[in-house]
Amino acid sequence: MNSRSIADICRDNERLIIGASAFAAFLVMWEGFSRGWWATLLAPLLGESARALAIKPIFISSPTGVAQQSWTMFAITGEIWPHIAQSGGQLVVGLGAAIVVGVPLGLAAGRYRTFSYILDPFLSALNATPQVAFLPLFVMWIGTGFWMRVLIIFLLAVIPITMNALAAVRTVDPRLLKVASSFGATELHTFRTIIAPSALPFILSGMRLAVGRSMIGIVVAELYGSATGIGIMINMAGASFDTDKVFVGVLVIVIAGLLMTEGLRAIERRFDGWRPAIGDNM
Amino acid sequence: MTPKLVAKDVCLEYRQPRTGDRLLALDRISLSVNEGEFVSIVGPSGCGKTTFLSVVDGLLPATSGEIIVDGLRVNKPGPDRAVVFQDASLLPWRTVLRNVCYGLECIGVRAAEARERAMKFVQMVGLDGFENSYPYELSGGMQQRVNLARALVMDPKILLMDEPFAALDAQTREYMQEELLRIWEQANKTVLFITHQIDEAIFLSDRVIVFSARPGRVREHVTVDIERPRSLKLKRDPRFHALEDRIWSLIHDDALVQARS
Amino acid sequence: MYAFSRRFFVSLATGFAIAGAIAPACAQTTFKIGISSPSVSILSVYFAEGEIAKKHGLNMEVVSAEGGTRGLQVLMSGEIQAMHVGLAPMVQANNKGADLRMIGASLNTLPFVIYATKKSDPPIPKGSVIGISTFGSETDIAVSIVLRNMGLTRKDVEITQLGGTSQRFAALVAGRAFAAPLLEPSITAAEEKGFAKVIDLYEARTPWVFDGIVIPREWLAKNQQTATNFMKAYLEGTHKALSDEKWAKEVITRRLRARDPKVVDFTYKDYQRLMTRDASVSIPGAENVFARLKEIDLAVVSDKLADHIDTRVIDGLKKDGFIAGLEKQYRVK
Amino acid sequence: MQGDALQRYTPQLVGAAALLAFVSFWEAAATYKLADPMFISSPSRIASVAAEMWEDPDFWRDVKVSSTEFIWGYLAAIAVGIPLGLAIGWYKRVQYALGPFIDVLNAVPRVTFMPIMVLWFGIGIWSKFAVVFLGAVIPIILSTYAGVRTNEARYLRVAKSFGASQMKTFKSIILPGTAPYIFTGLKYASGRALLGVVVGELYAATAGVGHMIAQAGNAFETDRVFFGVLLFTFTGLVVTTILARIEKRFDRWRPEGAVR
């Protein structure tokens, strides 16, 4: 088995190698801009205009700056934890409410035609609106606190969940429904044994979309808010020119977003085991 | 008679990316096809028939050995060879006529002329009236006719057919076999036909080449000494059955050997 | 591959060409100054705008940047050339690596009056919502100082960004905030509403560089003349407003959208009372800013005045008699 | 015949009736003070505000600013996103190099960058342009890439077998096969672009419809806020309708009903 040459190994891990080196190059570029490496390096070549290549850390921070700031905020002062807890709490409540409301609503609209006729105009209108435009209204109604942010997250998340749940019922194989009704299954039984299992993957992918959108909710709702929350932290850091901190906040959101979508994807794969791979579908 | 197509000691080796193992798919294939001849290749599944066809077409480079068409060595696809693909592989966003035009466009024939020439072949395969339909509107058999017309319009020296009727139901397949013979006689082409259906190979061909299981090797050449034109009645002829038995036992032996080893 | 990659780069180049084509449209030919919100302290900027600026060879534009610290961000982006903002947020920006200078001050005292929607004991209970303009701005710092004097920290209350004084007042009316620092004309409006005065910072006459003209050092070095022209216009606007009450009130009515003559009247009085006549930055005020910033745990990298304040423009105008000339011309003392 | 027509338009009729009921209830709630109209406004108040604003040049300036941000940001995202998506799908190595960055950018709501955008580009159109661009470009890249990727190998083999040039392959196989995916991406991106406009203007702006909404919210002018929100709804609907129209033209070859 030792027939693999180094060239072979490089070829087989090309993806990792290229990806990692591109990322490393990006970090070095970034660090170089904020430390003025490129300005010094290219000064003999470009003369005076090379100075434009040195960018103050206040504008772009730097990888080491972000790393250092992360260490401080996570491990030394621990100041980031309350922000994460606050935003996480809003996310859980808002997203939870969106699931509790959206899934039954979508299932019902998918199953009962007349109900979908009623729901449809509202749903499409709401879907076409950038829902964050409701922010000033919500602020007027319930202030800038916890519940306003939950409401925005809810509104952003409930739409993809409802729409996917609706689509999920519509794609249930009609033959299966025929089987159920020929066996005299009750409505509840049909839902439980036919509709729910075949709709689940769609609903889960709706949730994945919803997670992404509720992250928007967190960030945007906290533009207005106060005290604690990742969005607030970013906003305050921006206002006090703490660009390192801004990037730490962005990093937290990136990681949270990746974790949640990957987690949901894993769950999707688990529930999707019975479904044969379909090449033509997206 | 000089052979139209010659394969000389064609070998093909793959490298599996995960394990780095090397895998021999084709082992010293040598064969020749004469001008105007209809030759079929049969063999157990996975024996490398389709792979061999790709090498002949020039889509895959051979690891060693060579393919010679009209005395010239082949190393890439060319208008002298045209493939009729297994799944019709019609471009779903083009109409029937524009699908048939496709190959002509690729070699830079003017649009108007391409259309005119394509139309002739659409008629030849019996699809006039459907030239502006999209593939999804056609049945499987009709799609294969378009596939065939798309290859014929190129006026290739050799037609390479890769199990073109495999996906069709039994009746349509037999009907298409007859149609193919009719069109072949009309167009007068050299054909290299790949199939795993023994009866199809015998019915269509002048000669059947039997491949062994992986790695693909030429096991035997079987000449089909039955007069033309042929009709489906031939399939009940004792000579036909004798040939069928012979080829079947060749393949069967091989499958057994493979299973034991 | 070749043909495709060529096509790709052509498209990319087209994209950049489009971007490039729009860019020059935004190239600045005017002197843009940002303001945080319309209030008394920026009136001098409005007085300088238009006729007077033109007289000094300046094509001037006033841009609302909605909040002091946000204005500084805008200033650093290069979209505007000057920002009308307090010394404290500017010093904070310099701490983080910005290179800004204040070349003149309009207000050298803290003029806020903090109002609460109702009287209570203590005047600001724990957990109440306090409105400020933006984080890190003068209102934020003023609130921090007041909280500290009451024995509270920022964590004991909820501080929320509301924007300028009129927006803060609207939030008080709507019950969205319990207390907020206000300026005229909102102070009078708050009195009329019967809101409770928590503390009058103006009465205490705290020396404080509350508002001034802030310019990036680099830009200033290259455009000394433009900066001087602006300060000339600014000073002439101030002097004209102090002497020509009718004209000043017209500008106030127009720019602050104040329809009520009573409001215009006390806004003008406030202006007379508060404005620094010669636009010089108060040294005790600046020192107080440094001291208080340190007190509320905001690091001050350098408290050397020269690292934050550039007096050369005003000194020059004093020396060549420009200010004395204005005083004579408009008979202002 | 009449019964047929009635049946055919049942969805629209029921939908319209539901909307009408909603609007009437809203109006009634405001008229009979079931809730304070200062908070909930009412359809008639919104209509009169709309009429008022129609005459207001400031409103048209806001519309102009917002549409400039939207249109240029969106167009730039298309101009960059489609070629980049194609390149990532076409060249394996480009995908390896750029994939990680795009994944990361996709995981973070691009509006998070607003504080940095203001620092880089100021408070005017450019910071919003940047946020709109960033918001829209990622879905366009991702769906274009997915489109190229799902292009079936068999069509590519056909092209290769007929000796098609790279250009020909690209035009005849890759583009038509990718078009439906690109449209999915464009539709999604239009929502993201609009979101960018709103958030950018709520965060920091001197003009624009989002800025108008924020100002109106601060001043408790609920009617104006609702009018602004409806304006965005309308814009969103118009944009998706236009895209659906264009898509239909590209989609004639698809069997009806199989359209995603």
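Quick notes on this structure:
Going by the order they are written in, the chains are A, B, C and D; count residues from 1 in each one.
We adopt the following convention: a residue touches a chain if its C-beta (ideal position, glycine included) is under 8 Å from a C-beta of that chain, and two chains touch if they have at least 3 such contacts.
Predicted model, so just to flag it, every value in this text is computed and none were measured.
Distance from chain B peaks, on a Cα-centroid basis, for C. Of all chain pairs in this entry, the one linked by the most C-beta contacts is A-D. With centres set at the average Cα position, the gap from chain B to chain C is 82 Å.
Centre to centre, using the average C-alpha position, chain B and chain D are separated by 49 Å. Averaged Cα coordinates give chain C a centre that lies 37 Å from the centre of chain D. Rounded to a whole number, the gap between the C-alpha centres of chain A and chain D is 18 angstrom.
Of all residues in chain A, those touching 2 or more other chains are 58-59, 139-140, 235, 238-239, 241, 243, listed in ascending order. Of all residues in chain D, those touching 2 or more other chains are 115, 118-120, 165, 218, 220, listed in ascending order. Residues of chain C that touch chain A in their complex: 67, 69-70, 72-73, 76, 92-93, 95-98, 129, 134-137, 155, 158-161, 174, 176. Within the complex, the chain C residues that touch chain D are 1-5, 7-8, 11-12, 14-15, 18-19, 22, 26, 34, 63-66, 70, 73-74, 76-80, 162-163, 167, 170-171, 173-174.
Taken together, the chain D residues at the contact with chain B in this complex read 154-155, 157-165, 168, 172-173, 176-177, 252-255.
By the touch rule above, chain A contacts chain C in their complex via residues 56-59, 139-140, 143-145, 224-227, 235-236, 238-243. Chain D makes touch with chain C in their complex at residues 72, 75-76, 79-80, 82-83, 86-87, 90-91, 115, 118-127, 165-167, 170, 204-206, 218-220.
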